[in-house]
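Okay, so chain A shows up in both of these, paired with chain B first and chain C after.
Now for the complex of A and B:
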């Protein structure tokens, strides 16, 4: 249907047969995942390694980035309404498999793991090149969905850079999408409210959260089933073999786009003064005074 | 021929964000010994272009034939041509939706490197270094961009405005031809801003969180914000619960705000949320939990159920306003 949309313009002359074909072909979706250090760890337990330029793992667990899960949830809801096939894709060390298993438990149709055996935090262009090469290798992808940013480095570039690597358009901050007669209708958040955007596939969208796409909790049975489902594993060499865009040595070294030269925890000591008073009324009066004195100084 | 280019989307006007982009651009241009060219995207900004001309070395009002203000693919293509033609050494944008959407793609097309959410820019060994908050505001990182040009979207309000030049810069209009067939098309737009100004420009913000327990208390927060001449916002938990529009969300995943006063009501203070208010001058909180993380970032606060505090506070503030 959607991929066929583009092809049909060139090859199919009969509208009737094009429509018939549209209804049969599924939207092929790839959802890209990132595994990150649990962002909920409290500040007091947070340490950085200023040599490796990354957070220390400590006792924290690794989780799938929330916006990636929002993206997967949006994809699942799209499939429920309009049909389609969802492939979860991750570029991560061996442990990244946990995120893929969870995606399968949430009912993604397939999972692809590109093994990262190089730098722990490759730069955004290195990541986008690997993911784009994996998308090309999968073939016939209509829609690439990624989270708007990650909860660790919050770089916010993967979607845009993937669009450029794939040579296709992209739309950011999408929270809902629907299939229409031709192409897709995307609802996205803006600074002031929202916009509706019409788009043709193939397309990259970055997904943000709203009250509609909170990730579902997988059923126990599906979690058990997911542990036995196949995962496709590719090495960087596998990708480089049929993709000139992949420079394995550069990606293992972290990429040539940017490098982190400093990482530190800012020291900021603020003492909160709790308003005092015998009664609630007195304390609220104090609070009002403090508020007004700040407001008047602005 | 090389220069620093600052890009402003005209719909926002010469607001605090545009001033920040221009100020950061001016200082970067001076550090590099290059001229500063400000580009207004979407035309229509008569006095925006005029305000920019007072502080820049050149101003270009860029429109694309047939595009009212912004269409991602069209605007990106026109900006790429302009930056290439002018030999951009560095490109600065704000942290609005459209800037964030375009910056990485623009960097890629120009063969450069992008970084976002910058709060400080320095030149070291001829390379641009961008400082930004990471790990939900728990750490600060400095990132060195390895390719030219550097394309950076900044937390615009964290940067001081530029001072006026002696001679205003010339203003030039440029109409770009549309490129091919637009593959994406914005067909409808709706504004849900809570008041006159954008949340990012608000001097006072009254914000509610999960502890409010439902959508109704937001009416009280709006009353309170009204009394203080401010705006209403919310935490991610409140937005995800559907108690208020997603555009109210402040945090790492929502708006990054910089008010003079941020009053957090029933907000626990997850680092996700704190990342959005790190530029606030004064943070105050109403929370019934004395151990709520938000208090570690407050100048003052009250440990009490908001249900008891809000009616009294509103009454008291209303009385003070009359005085």
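Now for the complex of A and C:
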């Protein structure tokens, strides 16, 4: 890692910070997870369904999105240093439980599964609304940590939209955070280098990857024990019951925030041409002309 | 002097010149008590171990005992030991018998120490074997003090033991000589070395002074002998007792079946460690292993990791474990595994599980399974293992194969071939188990292609699992993730049984070993062949014939999991011999084959430059002058191809699987 080009200090203040400060309780963290298609399948196995506008599952496994795992790892390291309680939260179909089990094996304290029985890929606003409602329902959350973006669609908006929905500030691209006497010190990556940001809770943080937050390999014992731990399951109706912001029908339909109009795998075409010519010089000239014509046509 | 009339009366006085001989029995009782206490301590320590079923099948065990404990077949493999140990070992036995004869004759009144038996055995043979003991200790001294081979532990205990033995033997000769001289023993010449002492002593000493020297030396000699007996359980001399016991209780199955299953559910329930954390998790046989070690260093000498200069030394690991187990707290609270890894953090992750250490051990210590036991604890309880191995494990978990980032699929190798999956060919007699190494590493796809084409050419009705196939779990198990291994094994067994698979042919010796030895534990019993065995069978049945043998010199590299771990040495060689005109052998071959460096999860680890096992093996292969290095394993293929390419220079040397060789010679190209 090169030294930071810019280290600036900014202060983000939350209006609701006073309560958390007063209570002086341990930091209550929610880490949001997303399950995606294994991004490491051979590229020739990757196909898209242009009817449904989504990637075909094929034989690929579902895995927890890497940035979400970075977020969980960052939370675990924070808890090891400063204490706290970590709840893993996912909005996914039944199979999403695997990601929660893994989070429990990595030693998250609790797990909440909001069952998605609607569209396979709801838009970021719909997801943010559901997750925000779940966070509100959990109550007393100081810190929401999400991956900076998902490895499938890569939209990267859920974190920011969640903050908006929750009415609290957000800091993006964080790779480390520490508790200070007052609030948190966040280390974030920018295009120019690093920034240190002071912030008060409650807060949404989007986490990016770094050498420091490679997800840990859970211990086998913890994997085995995680299968016996309870998981809280909520339906969309459960959330809607005490949250006016949730429109169940709209979310089941995938939200209305944006629409995918086309989905295709970029094709690469390789054409081999032999350059004609009697002598080497002729051939080189021909080649140069051909290159120039290709360049001009671009 | 050798005439027959004298022979019949021949004998010697027992306890000549000795009074107060009852003291002898006091000393004897004391030494037995001290030795007995030491032995009792050891036996009680073994009894605290976990159970292990090692007293079944008495006949094969007795045969092991005769061959390896009495017959010392492995001990004599080494040039030095063949002499020095045989001299000491046989000398001790003969001298022990001689002492019994004296006791029977003198104490129990059996008149056996008489006549021809006295002269031939009790005098001549015993004298010669006594001299061999002296010669043996001399050889051992020279080896330890002059040659000082790297593999020996050059500590003072060994020298003290050798010194004691030498002193016992030499004082024995002095006593015999002085008695012969002082009593003018008419049969003295039957004890040639004693007689020599007698003649020399007579030149310098009077009979009176010899008598005095005799009585002093006699008591000194007795103190030495009884001291020796008392000392046995407290030094590596303990092997006199533990080695035969360890050999009797040795593993009878091939070494490929040496890893023991764990009851993980029970361990999760009780909170007991998964794998070995402290001495409490070792079996009594593990503990006996530690006490059987003679510190000979052969395991370390043949260890591929150690050979290329890495820190792993199976012998030191065994001795470290022994010392930790014997320490009062047995490694608590840190645990023996943490203590061992703290001392040499990388060592446990250098083992290729090739099993050369176990094959070399004259007393059948099982080093490799202990390394895996320690790994199990570190992997399953601590998640403390090399990152590249972690990646392989994670890939196994999510993708069912260990090769992160491969761009191949399980079916790419068969492109253009009329290969059917088992779902499409329900009548298939043979399942071709492709293996991850065969399917997902491009170079090995050619090997599987050649194998499939050979099977088709021979008219074998075979099918594959295709996308249903998953890693057998071999790398997970050897890395130490027993949990993951069990999951993969159960899944594969379920798939294989669902398709009612009976016969499996595979070109991967690791899959072969796991399918053959480890799946029966999960309810999967199949007839499993390595492709070399199955192809050799097809050749011998006349279903495949070599038309144009390759006009090149070929050497064959034994894959550990085919050769040493499963005893398949000849089938791949038959294929090489019929596929090529000339075959040469490497120095280290068959049981003593040298690992390619890829087993035990090591193919997922970047070895430091200058310490690469594959290059050491490539060096040896190139030394034979061979133009083709034949292999029979996808891991050996990649390891040796890398090694050969790094070392061959201008030479044109190819690495080929035996199936590719056969396919070429059958007249086709893969």
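Keep this in mind: the second predicted complex is superposed on the first by the 245 of 298 C-alpha atoms of A that agree within 3 Å, B and C clash if a C-alpha of one lies under 4 Å from a C-alpha of the other, contacts with A are read in each partner's own complex, and residues count from 1 in each chain.
As a working rule, a contact is a pair of C-beta atoms (placed from the backbone, for glycine too) under 8 Å apart; a residue touches a chain by one contact, two chains touch by 3 or more.
Since the structure is predicted, the reported quantities are computational estimates derived from the model, not experimental observations.
Asks: Where does A:138 make contact in the superposed view: on chain B (first), on chain C (second), on both, or on neither?
Replies: A:138: touches no partner chain.
Asks: Quick check on the superposed pair: does A:219 touch chain B, chain C, both, or neither? Answer first, second, both or neither.
Replies: Only chain C is touched by A:219; chain B is not.
Asks: Could you look at A:63 and tell me whether it touches chain B, chain C, both or neither (first, second, both, neither)?
Replies: second
Asks: Looking at chain A, does chain B or chain C touch a larger number of its residues?
Replies: B
Asks: When the two structures are overlaid on chain A, which partner does A:258 contact: first (chain B), second (chain C), both, or neither?
Replies: Only chain B is touched by A:258; chain C is not.
Asks: Quick one: is A:42 in contact with chain B, with chain C, with both, or with neither? Answer first, second, both or neither.
Replies: Touch status of A:42: both partners.
Asks: Does chain B (first) or chain C (second) touch A:189, or do both, or does neither?
Replies: First partner only, chain B.
Asks: Which residues would you name on chain A as touching chain B in one complex and chain C in the other?
Replies: 40, 42-43
Asks: Show me the residue ranges of chain A that touch chain C in the complex, using the header's touch definition.
Replies: Interface residues on chain A, with respect to chain C: 38, 40-45, 59, 61, 63, 216-221, 223-225.
Asks: Show which residues of chain B lie in contact with chain A when the two form their complex.
Replies: Residues 72-73, 96-98, 100-105, 108-109, 113-117, 129, 131, 133-136, 138-147, 183-193, 198, 200, 203-204, 228-229, 236, 239-242, 245-247, 252-253, 255, 260-261, 263, 270-272, 275, 282, 284-286, 290, 293, 295-304, 308-309, 312-313, 316-317, 320 of chain B touch chain A in their complex.
Asks: Using the touch definition from the top, list the residues of chain C that touch chain A in their complex.
Replies: 264-265, 267-268, 274, 379-383, 390, 393-395, 398-399, 404-409, 467, 481-484
Asks: Provide the residue numbers of chain A that touch chain B in the complex, in ascending order.
Replies: Contact set of chain A toward chain B: 37, 39-40, 42-43, 46, 48, 53, 55, 66-67, 124-125, 148-149, 151-157, 159-161, 163-165, 168-173, 175, 189-200, 203, 208-211, 214, 256-266, 270, 272-275, 280-281, 283-285, 287-288, 290-292, 294-295, 297-298.
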